[in-house]
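Heads up, the next two complexes both have subunit A, just with different partners, subunit B and then subunit C.
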Partner chain A sequence: MRTAVLLGFRLRQEVLEWSGAWWFLLTLVVQAVVAPLIGLFVWSAVYPDDPSIARYYVAVILVTLMTESFEQHTFSERIYDGTLSHELLRPQPVVIGVIGMNLAIRAWLTLLGAPVVVLTGFALRAGFDWSAVLRSTPYIVVAAVLVFLWTFLLALTAFWTDRVHAVVGFGSQLIFLFGGTAAPIGLLPDTWRRVAEVLPFYGMNGLPAEIAAGRRSGGGLGYQLIWVVVLVAVVTVVWRIGVRRYTAVGS
Partner chain B sequence: MTAVEVENLSMSYKAPVRKGGLRAALGSLVKREYKTVQALDEVSFAIARGEVAGFIGPNGAGKTTTMKILSGILHPTGGAVQVLDNVPWQRRAVFLKRIAFVRGSQPVGGSQELTVMDSLEYQRLLYDVPRPDFRRTLAELEALLDLEPLLERQLRALSLGERMRVGLAMALIYRPEVLFLDEPTIGLDVSAASQIREFVSEYVEQTGATVLLTSHYMADVASLCPRLILIDRGRVEYDGPLAELSARLSPYKLIRISTQGDPTAFGEVVEKADGQWVLRVPRDEVAGTTGRLLQALDVVDLAIEEPPLEKVIDQAYRGGLR
Partner chain C sequence: MADRRTAVYGGGIVKLLRLVGVGFSMALRRSVAFRINLVFDVLLAFTGLGTAVAAVLIVFTRADSLAGWSKAEFLVLIGTYQLITGLRGTFIDPNLSWFPETGIRNGKLDGYLLQPASSLFLASLSLSSPLALIQFVLGIGVLGWGIAGQSLTAAGVVSWLVLVVAGLVVTWALSVLLACLAFWAPKLQLDVFFHSAWQLGRYPTDVFARPIRVVLTYVFPMALIASVPSAALLRGPQVGVLVGGVLAAVGAAVLAGAAWRAGLRRYTGATS
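So, the complex of A and B:
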């Protein structure tokens, strides 16, 4: 209960804090939608008669906006400038602050990016089946958890290297390639498709988008949850080792 | 009752080193070399509950490292530490709610867009401060730190002195029992520094808190700390009353006199301007020299002073205590 209250307060704080940087958030929205739009244009040209492609990419844009994570900018910087020490001395888990900021940024990106999604959907006449959209909700929630865990895990490398942006950039490329943004997973060559379906990235992006677009009716929540468990375990171990290192050498 | 107990505390780092030049740089890719830096070496001391101790030493002596260990940010490579019967680096919530670590270089953490009042409210939630206690403490802090004009302002818009006042308020709103102050007056002007000193003094008097303070400003130390712990190169070089340190390091006192005569025969002249003289005289000869001066010269005014604390400490830093 106390954790929920603290998280709620932190979320409110962060929403207020980021409200002053709406122009910066707009640039993040643009960055987030560019890659799915390129995918949309390319694959719409390849399959001009398949209306589900447009629907799928509109859903990918929405999922991307709702699941974006920037822990390499927010959390890693706290390691670099030493202000993580402030957080360590607070009687609450450090991750509450990280999650609060993550949710606040996502809320703003979704709000500011909603017009892009609506306009693209109307322009391409991407008619959605609203029951499919509703069915995709738990998948989007778990995808948001997965993207956060993945980005946070890579951001934790800031305990060892000052090149965290390169590390997280590489991780984002993996999401782009295997997550269903570069191409819908179903259109990949067989071997690559099988690899992509096993890796966690499909569950971060392509899976919820496919369900929202009606290209897939369901299934796969178990696969997503298994990756949540795996990533939580890895994040926990890396966090402990990282904090141990931070507290051994200082800021 | 002991609030802080430190026994044989040691801290060493492995810092990567290499010679200059391309060859050494390429060589370090294959085999990295490290040098062990001993930040703290068998440091021991204890601070009783309600005591205020000054922790001084030159840059790089190990003061901030010790403070970080005592507050729980760092864990040492050797030795034992108990703060309020807790091992600090375990950072248990019950322990963190009883201590505060305020750094003059980073007095306020957290979201900088928030107002001071929002930040204090967050502290209330974080530290489970009951509302009536929160209101009472806030009223006291408002009065002591002149906080009222700052409450509705954003943290990022505060001046350095205001940030320090707010940093102290945020740290003290939950009434910590042990307060670690790391250079609380760094960068502040004379009156702001004086205000902070007065506040700390009043807070200690009111609450009986234990304080460990580091500062390069001797005014902070002289006005707040009856006890000094002097650390240099990771070792405790002195632990005791300030006056004793002064006597030990400086076997002289200063006699300041106003006279039209020439007092050069009575001691070493360290200052001379417009009939004002400052003579350096061995401590055990002060009374005799003063008597002779008053008999021999037409003295308008005379005062006997301890040497300036800055000079004493400077001497300790440069020449050591041994």
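So, the complex of A and C:
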């Protein structure tokens, strides 16, 4: 309960803090929508008569905006400049601050990106089935948790290397390729599709988008939750080892 | 007037080239001193290009051509794109990315104005990031993969070269123009939009819907950086396209120089 109250306060604080940085947030929205937009145009050119492609990619844009994570900037920089020490001394888990900022940025990205999604949806006559969109909600929530855990895990490598942006960049490439942005994973060659269905990246992006677009009716929540458990365990272990390694000098 | 000209454009070309060479050599020594970072950058360049190529190869498991481009032609396009991206990342980005923040708001430009070389050169080309050349090398590799088995003409190769140089000049000029906006609106950071539009250059403009195609041809001419040179290499040169590319490069460079001079007249300094 105390954790939830603390998180609520932190979220409110971060939402207000980020409200002044709308221009920067807008640049993040643009960066986030470019890759799915390319996928949308490329696959619409391959399957011009299939309206579900447009619907799928509009959903991918929305899922991407709602699940974006930037812990390599918000958290890793605190390791590099030593301000993580302040967080470690506070009588609350460090991760509350990280999650608070993550949720605040996502809320702003979703708000600022909503016009892009609505406009693209209308321009392409995507024609969503709203019950499918509603059905996708729990999948989007778990996808958001998965993306956060994955990015946070990679951001923790900042305890060992100062090339955290390269590490997280590599992680994003995996999400792009196996998550369903480069291509809906049903269109991948068979072997790659089977690999993608097992890896966690499909659950971060393609699965909720396919359900929202009506390309898939449901199922897969268990697969997502298994990966949540695995990633929570790995993050916990890496965090403990990393904090033991962390040293800071100065006040 | 002559003094002002020297302040903006600096002394002779040889002197400027020597400065680029010295800066590059210094940056290279700095980069290779951190070997683990070098390994990370090489790996990321490989995976980045691998991801881009894989995304296109997936498309060609489902179709024989995309917007009139075959798989091999697409590889030429990606190779050309990667090659120019590598050169941009090596010579242009280290200078002009975040210029409103580093150049204007933090007052780094003041230092450039006091140095005995062209301020436009110092602000836009003096720093380099040699590790980004890995992308250039990989780009050449993909280009070689794409053109293997294609019959090329000498005229096509020459026009490809001319158009690649024109694309680079336009890229530099656009980066300068976006940086110049900071003289009037220091908080405006438009180069992020340029970088996002840049991503679209990896695909032929015919893939995109008409409004985006217009933007990519006339506003952020991404067509010029990969689509147009690749088409010239594969399908032979077209005089109109070649002249248009060269004129676009000259026009953009002149415009960038003029914008820089106008910006400097307005600039009053940020440091004491």
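Here, the second predicted complex is superposed on the first by the 246 of 251 C-alpha atoms of A that agree within 3 Å, B and C clash if a C-alpha of one lies under 4 Å from a C-alpha of the other, contacts with A are read in each partner's own complex, and residues count from 1 in each chain.
Rule of thumb we're sticking to: a contact is a pair of C-beta atoms (placed from the backbone, for glycine too) under 8 Å apart; a residue touches a chain by one contact, two chains touch by 3 or more.
These figures come from a predicted structure and were not determined experimentally.
**Q** A:229 contacts which: subunit B (first), subunit C (second), both, neither?
**A** Neither subunit B nor subunit C is touched by A:229.
**Q** Quick check for you: in the superposed arrangement, does A:13 touch first (subunit B), second (subunit C), both or neither?
**A** After superposing on A, A:13 lies in contact with subunit B but is clear of subunit C.
**Q** Could you tell me if A:38 is touching subunit B, subunit C, both of them or neither one (first, second, both, neither)?
**A** A:38 sits against subunit C, while subunit B stays out of touch.
**Q** When the two structures are overlaid on chain A, which partner does A:4 contact: first (subunit B), second (subunit C), both, or neither?
**A** After superposing on A, A:4 lies clear of both subunit B and subunit C.
**Q** Using the superposition on chain A described above, determine whether A:86 touches subunit B (first), subunit C (second), both, or neither.
**A** Only subunit B is touched by A:86; subunit C is not.
**Q** After the superposition on A, what does A:46 contact: first (subunit B), second (subunit C), both or neither?
**A** Once the two structures are laid over each other on A, A:46 reaches subunit C alone.
**Q** Under the definition above, what is the set of subunit C residues touching subunit A in their complex?
**A** Subunit C residues touching subunit A: 36-37, 40-41, 43-44, 47-48, 51, 54-55, 58-59, 61-63, 66-67, 187-189, 192-193, 195-196, 199-200, 202-203, 207-209, 212.
**Q** So in the complex, the part of subunit A that touches subunit C is made up of which residues?
**A** Listed in rising order, the residues of subunit A that touch subunit C are 23-24, 27, 30-31, 34-35, 38, 41-43, 45-46, 161-163, 166-167, 169-170, 173, 176-177, 182-183, 187-189, 192.
**Q** Mind pulling up the subunit A residues that touch subunit B in the complex?
**A** 2, 5-6, 9-10, 13-14, 16-17, 20, 82-83, 85-92, 244, 247-251
**Q** Give the list of subunit B residues in touch with subunit A in this complex.
**A** For this pair, the touching residues of subunit B are 13, 65, 68, 71-75, 77, 89, 91, 93-94, 96-97, 99, 101, 106, 109-114, 118, 122, 125-128.
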